[in-house]
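Paired with chain B in one complex and with chain C in the other, chain A is shared by the two complexes that follow.
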Partner chain A sequence: MASRPVVNAPPTVALDHIEELSRVAGEDGTLLAIRNQARACLVPLELPNRARHLWRYTNPARFLPESDPTAVAPIDVGSTWRLDEPLSVAALIAGGALRLVEVDATARKAGVVVEDLHRAPAGDLLGTVVPASHGFLEAINTAAWRGGVLVRIPAGISLEHPIRLRLVAGGLSLPRVLVVAGEDSSFEVIEGHVGGDRGTGKVIGVTEILVGKGADVRYGLVQRWEPGVVGHLTARARVLAGARFQMSLASFGGAAFKADVGAFLAGEGAEVETYGVAMGGDSQHFDHHTEHIHEAGKTHSNLDFKVALTGSARSAYTGMIRIAPGAAGSEAYQENRNLLLSENARAESIPELEILTDDVRCSHGATVSPLDPEQLFYLKSRGLPHLQAMRVIVYGFLDQTLARLPQTTRDRIAALVAARLHTD
Partner chain B sequence: MASTPTVADIGSDYNRRYGFHDPEEYFMRTPKGLSHEVVEAISLLKKEPEWMREFRHKALDTFFAKLMPTWGDTAMLSEIDFDQITYYVRATEKQETSWDEVPENVKRTFDRLGIPEAERKFLAGVSAQYESEVVYHSVKEELTKQGVIFLDMDSGLREHEEIVRKYFASVIPAADNKFSALNSAVWSGGSFIYVPKNTEVAIPLQAYFRINAERMGQFERTLIIADEGSKVHYIEGCTAPVYSTNSLHSAVVELIAMKGARIRYTTIQNWSNNIYNLVTKRAVAYEDAVVEWVDGNIGSKLTMKYPAVILKGERAHGEVLSIAFAGPGQHQDAGAKMTHLAPNTTSKITSKSISKGTGRSSYRGLVKIRKGAHGCKTSVQCDALLIGDAARTDTYPTMEIAEDQVRVEHEARVSKIGDEQLFYLRSRGIRDDQARLMIVNGFIEPFVKELPMEYAVELNRLIELEMEGSVG
Partner chain C sequence: MNNHAKPVFQCTGVHIHIGEKEIVKGVDLTVLPGEIHAIMGPNGSGKSTLANGLMGHPTYTVEGTVILAGEDVSAMPPDEKARRGMFLAFQYPVAVPGVTVASFLRAAVSAVRGVDVPVREFRKELLARMEDLEMDPAFAGRYLNDGFSGGEKKRVEILQLLMLKPKFALLDETDSGLDIDALKVVAKGINTAVSNDTGMVLVTHYQRLLNYVHPDVVHVFMDGRIVRAGGPELALELEERGYDWLEPAAAAGGV
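Up next is the complex of A and B:
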């Protein structure tokens, strides 16, 4: 049986300084109203039912802020970030505020807008993909987020270089990201989560992406927190007709990490691909949830998620493919593979399907297995030492998925995988 | 262009085919609703030993204390009104020993189901459960000679109390879930089988169950013990007439396969579309034992059934092979559970479902491997076929793996009857309705071929009947 939380005092979350937070950040009335509505969702605070798959393997109380997130003032942190690659946009969120924004000349000329979300006119978009009703952590973020960025790419614009967002964990962070891709735009955006000094920190992040008709968006979510960080990230895209959305997920760091990511295929012919790798060691706890919701007809989605675990790391994966009535002619595929590299590693996998119409093609597969002794034997017979052979096999296992990513993201994640393989 | 042919609904046509029901003639029935008085009355009437009486009362308290499941089809579950159900009805006063002595009205019901022929030709022993108690029971001489015990559960308790007391509720405790608690409190009938060491029961043991009273629940309790090195195949099949109000069926089935034993348990569940079929089935497999659940769910309004095997001894093997057919208004929430506790145990789950009209079929499964159970292998395969754009299928598999030296595989596929398949068959001169029947039959073939011949014939005929006249 999965462990159930011990119910002591009912959980609470204090959100007493919303007005002040909003005023100091320079927000307009619409944003404040959204915050107050979200707070109303949290009275009384109800933690998710752990009998449901989504929270079966991770205690939701672990992500609750210990102090009032609205009472924390932004901390002035030095915004040091060495940019050594060509980027269209670089934006840094640290210490509860947007610290640094660089937009290259081409992007600026094309009309790309990168704004502090607190001051941006985004009241009609915020919460349209991830509403406060999504869950208690999304409601807490919507009520109390601090430090946010709005990236808006005009219609018809293609960016050669990626957009890089860096979010630094520290103390209690509630960042918010909103990406709006205009019709027929095409670009790559990478959201990198780092930081967490002295092995502490708590993060509750929400990212919303609106993918306009015919657009092509490649989104990377790379989590490499310092050990000790506890964090929950929610990311959702709404993908309109004829658009393509590709998500790359790479999870490496933190003590306990839960990700709730996915896409709504909201317009006919929308295409979504999600490719992910997670590498866990020591006593890390990962819990990934993916959702592909087919709302419109002739939509296509594919998911490939790989997990490699060492030490006494634990991973739970729950995936949902839902095909709504009327989404005829849709196809959806889902695959989750887990490699257990040590005797204390542990993996859970729940790939779910909910199909509400008949004109579909759907399949999913999941496996949990150890290193293949035959592969290991083969490599060792070619003179590779045991550790080296193991690394080759693990790299090969993950590389099948990485090979599907856009080149820049692939190189970056491959480097992180290699670094991780050599430290464990 | 002719309009698209549609498949008739399995399970919707009982009035014509099985929809007879005899006037209810009862010698004893408890009042509607559930209370300690009802439980006391059942126990008293059955002249049960004190420990069973206490077990029932304790189970009833557990039932009252437990909440309804918060998962699954909670909307359908919430429609069950426990106060409107009669928990015990007995059709005839005493146990019959030969077919001739079975009362005429009971016989009429079985005649229409084709039992006598089946019995003459194929059955080793018939334990026909009419209402809540066994009315007819014949065990072939050779079984008795082999030392095989095949009784209804009530007789089993009377005649072999020491065995029953040792194993009853040892696999499924009363507190396992709300419905096992309910069954434990008001159980009546079911089968009790004991197969001695190194004994092979050559012919399948069969029992027919039937619900005949409106708003009446059936709570049979089956316990099968296969001693070391023995082998037994048990077949449970059910059908029921149509009634307007909902009826509840909540069985508990416990199987114990000792070292090297082999049990196969085959069910064809074909309740009418107003019945809630909430069943707990679980087996324990010791060293080198094999347990196979062959499970067909065609009828009922809502079925929730997840046959389980606890693989307790090294090299034990568990298998579940199931099909589900959900016609309009039906929800087949079926699945399987495999718990690997010992090293080198293996399991295989194959689940096939067909959803038609507004029918919904769900696969809900659990594969669990405990730490230290190295060398385990398990594979799960789910296939779903959808007929009609309002049909629904869900797959909710769970894999919990706490050991690295294991192999776990899960695969699921969902499809409709393909236009290419139809086109191919049509181009070979096969009519549309025949083509559809061929595709559906091909889909369930792996299940059908595991059934004894007469059941395979019956199932094929049922599918065929429903596919007939399907061209609009």
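Up next is the complex of A and C:
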């Protein structure tokens, strides 16, 4: 599709108080240097060009901070969290700070480290998966992030219970998460985004995950902001040889949400699976971008992303699969299905394939369709009222994808789906 | 059959249109509890339109009166008809991926009975009915009709019939596409439902099913009308002679 370039006004994001922010947070010089580099990187960057695929459906200006994020005092949002399940780690970021860390005895004994990222010796890792040059919003986050956590799982450690990170939106939030999975470690980590109950909130978040050789990491990114929140989340994993990374993505809340998530399959035999569901209603705007970047040979990726929309909700999905010249013997599959439950809902689906080597297997599929009247009639003929029939169809549509997730995550997301179905 | 009972189903003056086109051109039917009526007719005569239209498929415009167990349900949507005891076994059951047979049936049974059936109790009942129909219990966990063979789909329709225990059931070509073993199982299910006083209309164009299920009345359906009604012997006559000999009756506008 030919489209005219859209000229954006030059961005005006001031970042004048980086030194003070870094000093108050107790950071060492390495982290400060990373911030300053990011600011320098930002200067020549322009707002993402809306003619480019990634921003064709969403106005990037919506996500910009309205004032200097290094000067804004974070809002102290309420941060109660009822922990009602066995967890290896619970960590809460709210009001621009890491507020709560609990590590259970088994994880502690195993050497699991959970630290305030501001004070962690993470200078050699921060920005290695999502560098500031990734994009405008990532550069802002790297220069001005506030409230972060480092989770480090030693080599060879398997955690029975999940790690749960909760990030609470409120005012302007720029959280940063860094997860380091040691060789042959195995665990599940869920990053839950909530909050914004004061009606508004802006979030620019970045998460980096380093998956060591042979590790097995299940990562969940669950977004259920209150209505009104506008947020952009970037998450990337670098997956080394023989490792497996499974990402589950669940998007429910906010007024406008853009997610840019994916993985680099950086070592031979790496496996990446991404399973996601998004449910939008009213005038919600979703824009999901996924990337599976095959850098090494014999790597395997699979993606299944489902979207269900009601009201006048909008969704755009762009899915990039890139298979680098050196990645022979790789396989990549991508499927995106969209179900429109109302006449005014709209969805776009754009697969993007860059296959730079011959010896690959690759496929993609995309559909956008309304509810099937024959399915509805069938369920109604069995006594299910219209609304219930609709819910059953939507639940089934999404649950096919959720069925591939770890049971507890599946149950949790399924409960959110069910709750959402009963409020629409 | 109970000749003194009140009809479970009665329709009068039923005309069904798709858009401007009239497909069903005036049908009257009365079914008593535990009665089996066979509606036989050539392809394209409007049998399936009659069955789907009576249940309330949104494609069709239905005129006439439909009384279910004494209550006028003519204007009701399909789900209300179902909750009042009407059932349609589909000729082409629809797949609902992501929804298991068990969870779907529990929702349907709860809707029709008007109470939430406890999981354990429901499960026990479901497995018993599946055993009656010689179905692998693993079916309960499969997605509804998703990737099922023709015969499996028909068995699941009959499973629903037995679980939902309707007062009146329309079976649209439930016998088509079945091998002889599956046909016997389906017939057993139909006979079980009838012995529980379900009134039944079997829409079919083969006599085959009627070797195992004994109709009280056989109706011949041609060009949107019932052109002749008789006993079981009429089905055998159709098998032998085909439908051509009834064409004058059809042209004359039916019985």
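Operating definition for what follows: the second predicted complex is superposed on the first by the 407 of 424 C-alpha atoms of A that agree within 3 Å, B and C clash if a C-alpha of one lies under 4 Å from a C-alpha of the other, contacts with A are read in each partner's own complex, and residues count from 1 in each chain.
As a working rule, a contact is a pair of C-beta atoms (placed from the backbone, for glycine too) under 8 Å apart; a residue touches a chain by one contact, two chains touch by 3 or more.
Every value quoted in this text rests on a predicted model; they were computed, and no experiment measured them.
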- prompt: Looking at the combined model built on chain A, do chain B and chain C fit side by side or clash?
  reply: fit
- request: For A:Gln400, select first, second, both or neither according to whether it touches chain B, chain C, the two together, or no partner.
  value: second
Task: Mind working out whether A:Asp358 is in touch with chain B, chain C, both or neither, as first, second, both or neither?
output: first
More chain A residues in contact - chain B or chain C: B
Task: Could you say whether A:Ser349 touches chain B, chain C, both of them, or neither, answering first, second, both or neither?
output: first
Message: Applying the document's definition of touch, where does A:Ser369 land relative to chain B and chain C: first, second, both, or neither?
response: first
Message: Applying the document's definition of touch, where does A:Ala415 land relative to chain B and chain C: first, second, both, or neither?
response: neither
Message: A:Leu83 in the overlay: touching chain B, chain C, both, or neither? Say first, second, both or neither.
response: neither
Message: To be precise, I mean the smallest distance between any C-alpha of chain B and any C-alpha of chain C in the superposed model; what is it in Å?
response: 14
Of chain C, residues touching chain A in the complex: 55-58, 77-79, 81-83, 87-88, 90, 93-99, 104, 107-108, 111-112, 143, 160, 164
Field: Of all residues in chain B, those that touch chain A in their complex
entry: 70-71, 355, 371, 384, 386-416
- prompt: In the complex of these two chains, what residues of chain A are touching chain C?
  reply: 372-375, 377-386, 388-389, 392-393, 395-400, 403
Query: What does chain A use to touch chain B in their complex?
result: 2, 49, 51-53, 325-326, 328, 338, 340-370
